[in-house]
Amino acid sequence: MQNVISGAECPECAAEIYVDADARASEIIECTDCRSELEITSVRPPVLSLAPEVEEDWGE
Amino acid sequence: MKRVAVIGGSGYIGGELLRLLTAHPGVELAAATSRRLGGRLIDGVHPNLRGRTSLAFVDEDKLEHYDALFLATPHRETMLRMPEFLARAEVVIDLSADFRLGCADTYADYYGVPHAAPELVETFVPGIPEFHRTRLRTADRISVPGCMANAGILALTPLAQAGLIEGEVAVDARTGSSGAGNTAGPANLHAERSGALRVFAPTRHRHEAEIAQATGLPVRMTATGVEAVRGVQLLARANVTGEATERRIRAAYRAVYRDEPFVRIVAHRKGLHRFPDAKILSGSNFCDVGFAIDPGSPQVTVISALDNLVKGGAGNAVQCMNIRLGLPEREGLEFTGLHPN
Amino acid sequence: MKRVAVIGGSGYIGGELLRLLTAHPGVELAAATSRRLGGRLIDGVHPNLRGRTSLAFVDEDKLEHYDALFLATPHRETMLRMPEFLARAEVVIDLSADFRLGCADTYADYYGVPHAAPELVETFVPGIPEFHRTRLRTADRISVPGCMANAGILALTPLAQAGLIEGEVAVDARTGSSGAGNTAGPANLHAERSGALRVFAPTRHRHEAEIAQATGLPVRMTATGVEAVRGVQLLARANVTGEATERRIRAAYRAVYRDEPFVRIVAHRKGLHRFPDAKILSGSNFCDVGFAIDPGSPQVTVISALDNLVKGGAGNAVQCMNIRLGLPEREGLEFTGLHPN
Amino acid sequence: MKRVAVIGGSGYIGGELLRLLTAHPGVELAAATSRRLGGRLIDGVHPNLRGRTSLAFVDEDKLEHYDALFLATPHRETMLRMPEFLARAEVVIDLSADFRLGCADTYADYYGVPHAAPELVETFVPGIPEFHRTRLRTADRISVPGCMANAGILALTPLAQAGLIEGEVAVDARTGSSGAGNTAGPANLHAERSGALRVFAPTRHRHEAEIAQATGLPVRMTATGVEAVRGVQLLARANVTGEATERRIRAAYRAVYRDEPFVRIVAHRKGLHRFPDAKILSGSNFCDVGFAIDPGSPQVTVISALDNLVKGGAGNAVQCMNIRLGLPEREGLEFTGLHPN
Amino acid sequence: MKRVAVIGGSGYIGGELLRLLTAHPGVELAAATSRRLGGRLIDGVHPNLRGRTSLAFVDEDKLEHYDALFLATPHRETMLRMPEFLARAEVVIDLSADFRLGCADTYADYYGVPHAAPELVETFVPGIPEFHRTRLRTADRISVPGCMANAGILALTPLAQAGLIEGEVAVDARTGSSGAGNTAGPANLHAERSGALRVFAPTRHRHEAEIAQATGLPVRMTATGVEAVRGVQLLARANVTGEATERRIRAAYRAVYRDEPFVRIVAHRKGLHRFPDAKILSGSNFCDVGFAIDPGSPQVTVISALDNLVKGGAGNAVQCMNIRLGLPEREGLEFTGLHPN
Amino acid sequence: MQNVISGAECPECAAEIYVDADARASEIIECTDCRSELEITSVRPPVLSLAPEVEEDWGE
């Protein structure tokens, strides 16, 4: 794996999330476990918050 | 002859209404609307109607006044336009979800938006002939239940009414792809949807609220998309009050469905077709209902099946129309279903 | 009311005849035989008939005399018993292959056994209303064509009769699994047959002989089993005499099929459903026929589709019966077909 | 190289073992038996193996002694012959149901016959690497779980072990047709089985007993045949001890499956593929496990999926063999699965 | 290790390339682009890759220089961007249709637009290992044939090269829905496409031009969409020069394919699987080729089958890459295929 | 491959067929290419003839 910073946690499911070392605050990344969209609130130390969700309609 | 019309005639429920109404001896299909396809022949999108009708879709501004008007339009949008629709016909039969739930809060909870016309909701009679036939005879506003909801209501109400169920009912529904309508998107792309076992609602499917309301039972519902175009099958589990015997359960169903034209009790000891299966119901207006008892257990397992576009939608709506217009209840709905299929 | 009976009522063609005849307003279904299931309710093997009939299968020794008798029994066996069957009814309508081919040598060639009753063959009128309607009005012995054969005959005869085809016709047929009847074996095991593209007859499918006989054209036919329960689609290619234009071809079809109740010409320039597709024909008695021209090529590509159990078998047989018994030709055969399906 | 053999190589589990073992770099497939097809090339019934092997089936009397012997033979018959099989190999890996249930009474109850070799049952180690890896390293007798059973065991054990479940678990399983093996009969005739939603076990499916035994939970199980050749999906509901939160449930799964090579946790908030679906697992040895919480409800809904012939049978057996023979655990089992499929 | 990348990684061919390349021991998948999904995990749209890779899609501006670059982008658009792509890699392997046809007029004729980079076309070597292996060893630009085209080329070239065919070849192709890519629209809506027998190209399918070019034979081609996600089957008919005997035809195929790793001759006298069927080829890189002779007829019927996403696309492309990069030709392509499936 | 004798040819499709060294005359084997059932007429030298066929009905 490239240059990543560990220590962030998904606020939804507590997965450990690796943030790219060259990421910037306000970038959106996905949680690998629950696939929530997470906003990088801070890079050092890495802090994540839940990004606003676009509703998906699973209809049927 | 009574003159009827369909709003949203280009969709799947709209198309099924057109199939049934063009072949119905007691009514004249006077108009079917489409916003996209005004002026186009209706057999362009509904190729099964070739040779059966030469009707073209009309724009809504061409609408007149009808004896009965069917609404085959999306939920959340139908409620916005209900006042216009009500002005267009003696009887309005709504197939959308918007006027099914008596409680506006429940609607908001399940549909994610506040109800736009809460004052109208209670003016609608549920389009469930089996339990509201008398009211339907004179109802000017009819709200037909959802496809899985109807399968659940017909499966559980007899047991609920007989006081045979206690505690929560767990409902597991399986559905074909036509239940989602004909708007193309990633979810119903053939290569994705074909052969899928897609748990699209692991909890709180919207029809849960309808079943709970109609049966008075606490219900938890999941829904899975399975490989089928048409068809809903529903499997429910509940604890039985008192002894869980085949006799008690069967008696409850018999008492309610003995003379029903479109509900069959299917719970056999042998044969290949012991329980309800949507496979043989395509095109027919039947809802098959069955059950099983596990000796020594307090539970009953209830199984029902129907064609979502017929008894789960358009067929049921036509049955309501027949009742309301004083036509023979089975008229236009006699198709037997196919086997094998 | 005319009284009719079905021999071989437990099979797939038998079941389809029972579906159509129990719902037919003009006849009374008096008996259906099964050697294995005598005394059993017919809805045991044909679950779609639940609630539609309380008939049980009868042993053959219970048979009486009928206005019309349908034979839904296997080829090679039907011819052995034809004399008994003829004694049982005014009109015998045979769905087996045994009395379709006028030439006993051709029969032996394609079916691998000598014909057991060659003297009877010519007493049968082909059960093809579109081309033998007049003779059918008075025919006491009717031999209905094979499912793929009928799709081929209806697709090619108008062009053949108009002298539009020269040279050999290459026919490629695709068929669902119900075409093989309901005897279980490795070939129709679900896990093997599901999703198959099985070229079960790369050359010389038996229906080749029927199409050649009916159209007078030299025919080469292949057949492939595809994923479907019901349905036949046939694609044929031939060289056109003279200029291969859409107008000439369409005119030939129109001239023959303009007033046919159950043949539709489907050859559209646009839309999703431009050519015949069996998918929307399940349960219906239509045969859809279409064609395409490749500008600059001398060929025509002809496409037809039908439900093998209906227009390819039981429905076509009922249509013949209607003609023979003086009933309205469409009676009992009005089902529209489903879309989506 | 270790030499292995398969008894019952002509069946569906046998064929899948042959697929995996012929491609496995760490073992030599030395023999595959068939009573019916001795001497015939194995790619005759398993056409996917064309070009991969030139092996022919052998009669059982040609068997030698092997490092590992797989039994892909029917339940009720395997137990009768176990002593012979045990004499033929260092390690016996049984895929039948006969040595899965520890209690002979439970066996008799679910399989309808008394167990023929109850004294042998406890000599078998369950073929469940996720929970018995250490014992499997030295096990000479391994009994692999049933296909739906394995889906249930892998779905529920982590929650059971963490003490997160209270009360009865309701399990609803859906299965493809290959789960029933390759003996043709009316139940798996394509025209009957295709598109079916057949509740073949409304209560007390046999795998119920296996799940209950492995998890220690009271289980009630239904099973429905759905349109698929391969694939099992299982949906279970249970009450959660304490608060039903995503974090607690997910933590329990993570703790157990973090390093498992063939179990993936699939419970996503978005996307088309949020929960386990067998559609993408054909041919792969994965079992996907997911869950959903209904906020405000004390229940958890658990969903799992696998290919019945792979992680539900042959693949799981090969994984056990790898462990026992000291081979890399994933060897021969790396196939990714297909999408779309 | 060689570093490779995929343009258009979010599509169906792109996803199949990712499946094969992530599991390929000889190369490192360095990047996959998507214009819509940059930054998203690739297993979001390709769920089969869960646990196999943690790669995310990248925007094109993140691309570096690679040993090999695969283009899984639409025809008509790929040619516009070819110069940029060529600058990005040692070897470019194009899966689009844009550089397959040697003649710009033919391209314009079949694709409806003039070619945007006609001067580049002849710099591409056809990605057909069976007939261009030597040139592929050093080719820096490879254009892989279309899915049905490859099935046709592999089926007909041996006969054409042996001078066994005279006159026009009639090709009838059947294809699954993944052949149309993953853009949702009315044509591939599940409810419409499921069970369809849709003759979407009654004449002049585009792959006709590719087969004609590669074989030197005059070809007429039709194409039908059938119920399948993956899979192409092709049936062709041609007149044989000289006597049409099994021996002559088989000898021609044997001579060419005897040592080919991914072409199997399947033309059996008995068994359930006598001719090529795509059903057992899903995920595998085989093209099965068979034929039948009708004794007494001058014709041969040729049948071939493959998985459109593998030997009809991504697998074939990886085979070309293996040849070009000096890797073992079968590497990463050994998957056997499933039966039943 | 075990002990086999080569040199036999399928009378139907001309495939080269390998006969087990311990095979006996009158045994039935399958042609690998066309799957005809072949009777071993002689083992040394190996000679094969077409075995009588059981008809299969591919129905439909």
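The first chain written gets the first letter, and so on, giving A, B, C, D, E and F; residue counts start at 1 in each chain.
Here is the rule we go by: contacts are C-beta pairs under 8 Å (C-beta built on N, C-alpha and C of every residue); 3 or more make two chains touch, one makes a residue touch a chain.
Just so we're on the same page, UniProt names per chain: A, F = Lysine biosynthesis protein LysW; B, C, D, E = N-acetyl-gamma-glutamyl-phosphate reductase.
Just so it is clear, the model here is predicted, and its values are computed rather than measured.
Would you mind checking which chain's C-alpha centre is most distant from the centre of chain A?
Centroid comparison gives F as the farthest chain from chain A.
Using only the C-alpha atoms, find the rotation that maps chain D onto chain E and quote its angle between 0 and 180 degrees, to the nearest 5.
The C-alpha superposition of chain D onto chain E needs 180 degrees.
Please state whether the interface between chain B and chain D is built from the same residues or different ones, using more than half shared residue numbers as the mark of same.
Same; most numbers are used by both chain B and chain D.
Higher C-beta contact count, E-F or B-C?
Most contacts of the two pairs: B-C.
Which chain lies the greatest distance away from chain D when centres are computed from Cα atoms alone?
C
Between chain A and chain D, what is the gap in Å from one C-alpha centre to the other?
The computed centroid separation for chain A versus chain D comes out at 36 Å.
Distance-wise, how many Å sit between the C-alpha centres of chain D and chain F, to the nearest whole number?
38
Compute the distance, rounded to whole Å, between the mean C-alpha positions of chain A and chain F.
65
Which parts of chain D, given as residue numbers and ranges, touch two or more other chains?
In chain D, the residues touching two or more other chains are 12, 44, 178, 182, 186, 191-192, 194-195, 227, 229, 271-272, 274, 277, 340-341.
Which positions in chain F are in touch with at least two other chains?
Residues 35.
Show me the residue ranges of chain E that touch chain A in the complex, using the header's touch definition.
Residues of chain E touching chain A: 39-41, 44, 54.
Across the complex, what residues on chain A touch chain E?
1, 28-30, 32, 35
Could you list, by residue number, the parts of chain E that touch chain B in their complex?
The contact residues of chain E facing chain B are 12, 176-178, 182, 184-186, 188-195, 227, 229.
Taking the touch rule as given, give the residues of chain E at its contact with chain C in the complex, in rising order.
On the chain E side, the touching residues are 170, 172, 174, 186-187, 191-192, 194-199, 202-204, 220, 222, 224, 226-228, 231, 233, 235, 237, 272, 274-279, 291-294, 297, 299, 301, 303, 305, 340-341.
Per the contact definition, I'd like the list of chain E residues that touch chain D in the complex.
It is residues 12, 15, 19, 22-23, 44-52, 178, 182, 229-230, 264, 266, 271-273, 277, 280, 282-284, 286, 288, 334-341 of chain E that touch chain D.
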